[in-house]
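So the structure is just underneath, and the comments pick up after that.
Chain naming follows the written order as A, B, C and D, and within any one chain the residues start at number 1.
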Amino acid sequence: MDVGFIGLGRMGKAIAVNLLRGGHRLRVWNRSGGAARELEPLGAEAVAQPAEAAARAEVLMLMLADDAVTRAMLIDQGVLERLPAGAVCVNLATISVAAAQELSRLTAARGVAYLAAPVFGRPEVAAAGKLNIVVAGDAAAVERVRPVLAAIGERIWPVGAEPERANVVKLAGNFMIASALESMGEAAALARAYGVTARQLLEILTSTLFAAPVYQGYGRLIAEQRYTPAGFSLTLGLKDVRLALQAGEAGHVPMPFASVLRDRFLEAIAAGESDHDWSSIAELAARHAGVPDSAAAADPGG
Amino acid sequence: MDVGFIGLGRMGKAIAVNLLRGGHRLRVWNRSGGAARELEPLGAEAVAQPAEAAARAEVLMLMLADDAVTRAMLIDQGVLERLPAGAVCVNLATISVAAAQELSRLTAARGVAYLAAPVFGRPEVAAAGKLNIVVAGDAAAVERVRPVLAAIGERIWPVGAEPERANVVKLAGNFMIASALESMGEAAALARAYGVTARQLLEILTSTLFAAPVYQGYGRLIAEQRYTPAGFSLTLGLKDVRLALQAGEAGHVPMPFASVLRDRFLEAIAAGESDHDWSSIAELAARHAGVPDSAAAADPGG
Amino acid sequence: MDVGFIGLGRMGKAIAVNLLRGGHRLRVWNRSGGAARELEPLGAEAVAQPAEAAARAEVLMLMLADDAVTRAMLIDQGVLERLPAGAVCVNLATISVAAAQELSRLTAARGVAYLAAPVFGRPEVAAAGKLNIVVAGDAAAVERVRPVLAAIGERIWPVGAEPERANVVKLAGNFMIASALESMGEAAALARAYGVTARQLLEILTSTLFAAPVYQGYGRLIAEQRYTPAGFSLTLGLKDVRLALQAGEAGHVPMPFASVLRDRFLEAIAAGESDHDWSSIAELAARHAGVPDSAAAADPGG
Amino acid sequence: MDVGFIGLGRMGKAIAVNLLRGGHRLRVWNRSGGAARELEPLGAEAVAQPAEAAARAEVLMLMLADDAVTRAMLIDQGVLERLPAGAVCVNLATISVAAAQELSRLTAARGVAYLAAPVFGRPEVAAAGKLNIVVAGDAAAVERVRPVLAAIGERIWPVGAEPERANVVKLAGNFMIASALESMGEAAALARAYGVTARQLLEILTSTLFAAPVYQGYGRLIAEQRYTPAGFSLTLGLKDVRLALQAGEAGHVPMPFASVLRDRFLEAIAAGESDHDWSSIAELAARHAGVPDSAAAADPGG
């Protein structure tokens, strides 16, 4: 299909490569031009203005930082105005529920279908074409873009006709990850207070009940207290928890765990660690308890 | 080995059967005699008084309801007094850190080693001999009872010489399970407020990031709102969170998630649901948000 | 002084009356014209457009509903444009820290000083000219408007040169009131569970340790479960807690009590009580505990 | 009346002095004999064994540290055994609801009425005979001891026939004080983040809405960050919050503010400050936000 693609960060670029490999025609734009030009040898056309990526596109895919950048791109930069009627706008990024609702209205007014299609998976997963894509919006539009989504993801999870539903699922998922981080942090602090290291505790639990990617991957970071460089920073973690809380507030959903998480992110950021991995909130329980880890010294005694 | 075994509830009985199958000699006692007699065809000797199970035992295994019952058995019923010096007392139950410390002192004073050996796994897992056993206490005693533990568990996780360490690991694990329940509950409430059913949400998340036994098993119960009969009741859940909080308090470990969980258990119990499965705390977020599930009616739209 | 006054709700009107009584010349505007015309017999000039209230004013006073209305008035309605350079804009309303910072920049760019001057006190207090006024902004501008503030308040509390400081103090004060409500609610639920009525408990405590206006006034509402009509609604309470949390987030200040309050307001609003008095959050602890009050039946036993 | 009095700490001694001044005959005992002998010149008889204080007493008054000490005194030291049938046991201390229920049963079995009569007021207030006394238990027994209570308190607040009700009121009151401390702490942290000192903020609020003894007294300590010597230590604060939570748990009352407070006390104690005044929990919000106070440098700008 003819695809316009805007936003070539680590995730966006990996996805664009898979679209090219899948035989789709891409016109790409990125704030810094380098990433766009790097895709040219693979067949992409790097354009000078974002609106040119939209012109003649059957599908416009967006992978931008946040609500503000996305709105500025579609509206202020004239991207939406150039998008042909009948095209489908597929937003792969994690934005707010409110922004999804607003963008859905704005695109509909121009005869463009808006699909929210946030993805689960890190850059490596994106590069392997193995993303899980949660998609919501007009069912016919979802069918139309299925070949494009199939090129980048392992599985597509449709969740209904209102685009914001996909954003809610994504925010709920990230909230659950952050909750897992905090629960490992409190459990590890409790264990440390009795001389059991985070490594011992998490090895047992992530080999058994919690043998899931989230616990094993982050459990290792926590056991090793290895929080830099960040895979996903505290700043981004705070953003997503804030979006979940805002979506909850609009729907009158109290979320006490999310509130605890918000406070954790704020405290870690106040301590100057905003660029640490979000799993570093697991240190706060131990810090409050005055039980720094002693993994190096400890002998499991077994 | 010569094993005394006291406490033949669902877990205890399944474990005792595996010990018999493993060739160990068992003298068993249970409050209600039926369970003990049922083991006789398998070779166990059912005794009339708990202290008789202890007499001549190389290993005394306990699987009793709580601190009070365990202490009453060892002290008031004279079990500890009858246990031969040099024997090893292996407590498989989830008791408090404080009780583990006390029992360890009392047994040591009589020349008996005390091992805390709480297990992860439900009755089916116990029946299959696949328990994960966290064990703490004197290393030589752990070695001595290894043949017994090997007969009932898939893997033994030693965590050091202080018995209470194993209790802490067990309580930390149960706290993490309860945290997973609450995080699914809040995520599901958020999703429901936007028309996504708990079933849709949890199918996506437990097939991907959260593909772990805890999330998949309990996710199914939550998606189906199937909380009776309980696998593990709210009353037991509250008990274990309380024990985690008490252990945290003794070690000066603030645990904000554990406090939220405590309030959830109390509220559900106040609502008259004490015998529901502990996963039913996942309903409270939705109840507070006024978003009952509509799984039956919903069409994922894809 | 020549005063333009925009926003004649219950508070605004009571304040405007005191300005007129104090000998100041007022040009007034309100969304619904009635309130403005009612002030004409007292000497006010009711104008047809908000910008006319600003023209020729030495002081422009605003008492509007929220950030959005205030910004729309100053910018979109052209009020700021008409305000003479050298005038002082005094915002009496509780708005967000971020909006105060923005409005301060915008007015400064036009040679107008911006003072945030939120007030503590209900309409009766305003009518009596007994408000407590927290004021922040340029010190010389504060001095200039002192005669105006003296006409409406009992005491002026300057808190520095950055306007948003006054908003922070106001939000902190409202947060403390809401915290007092919740603490009375939890205390009353605990008491009720043991047969002590909220009335008994709060009579004792608000006659002794907590003999302060906030506790006595709201304590009475809680004891009598009299939440309608609202003096200050749950919706407004949620707004102010949200503003406190947002200000906290911008300054990286975790506020666990504020997060609990947010959840309380959301739950009460989800239950359809958005127009109840904000003190009704005190019922939620009792509701969760399953202990409705029984004040009518109870006999204090003394 | 003939009064036995056990427990002459700062509070107990001040109360005993007022009983002597009121013309009552006292036999006193204290763990360290000095305090008892100091009362002899005022007419008290210092006895060598606690049980001697009980013999011949019409009223036995207790002011002991906690549940364990109180129970040990009444049971193990034989005090209850020596108390004449028909006597009234008046426990002035803050003990747990569960202990009050147990002691009430034990005394009743010996024909002794048990009254819980915890007091509000610090040692100076006790010395001035101005305590507020919350009393619960058999109404006739309350009448009988009224002359004694009148000698030590300004006002008596009867709350019913079940003794534990008075303990619940006392615990609820202390919980509300601790909540006020935390709310001042979070409000002050928010203010500090915007350059308003705790002193400025609390001067405004405790002169107006929060003009109550609790806020003014503790507000001053917080504004001055003066937490030693403690009037009431963090250790005692944690004890009382724990008792409130336990009473709540027994009655299935979730108390989210109380849980936040528990975590605050634990964190401050973990930081090695267990002997600081309990108002020092107000520092934790600021510490988490990275905004130490700067009261000395600040100029209110007015």
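Throughout what follows, a contact is a pair of C-beta atoms (placed from the backbone, for glycine too) under 8 Å apart; a residue touches a chain by one contact, two chains touch by 3 or more.
The structure displayed is predicted, hence computed values, not measured ones.
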Label of the chain whose CA centroid is most distant from the centroid of chain D: A
Which of A-C and A-D has more C-beta pairs touching across its chains: A-C
Approximate Å spacing (C-alpha centroids) for the pair chain A, chain C: 39
Distance between chain centroids, defined by C-alpha means - chain A, chain D (Å): 52
In chain A, residues with contacts to at least two other chains: 248, 252-256, 260, 263, 266-267, 270, 288-291
Complex interface listing, chain B residues touching chain C: 256, 263, 266-267, 270-272, 288-291
Footprint of chain A on chain C - complex, ascending: 242, 248-249, 252-256, 259-260, 262-264, 266-267, 269-270
Chain B-touching residues of chain A, taken from the complex the two chains share: 97, 120, 132, 134-136, 139, 142, 155-162, 164-165, 168-169, 171-173, 175-177, 179-180, 182-184, 186-191, 193-196, 200-201, 204-205, 207-215, 244, 247-248, 251-258, 260, 285, 288-291, 299-302
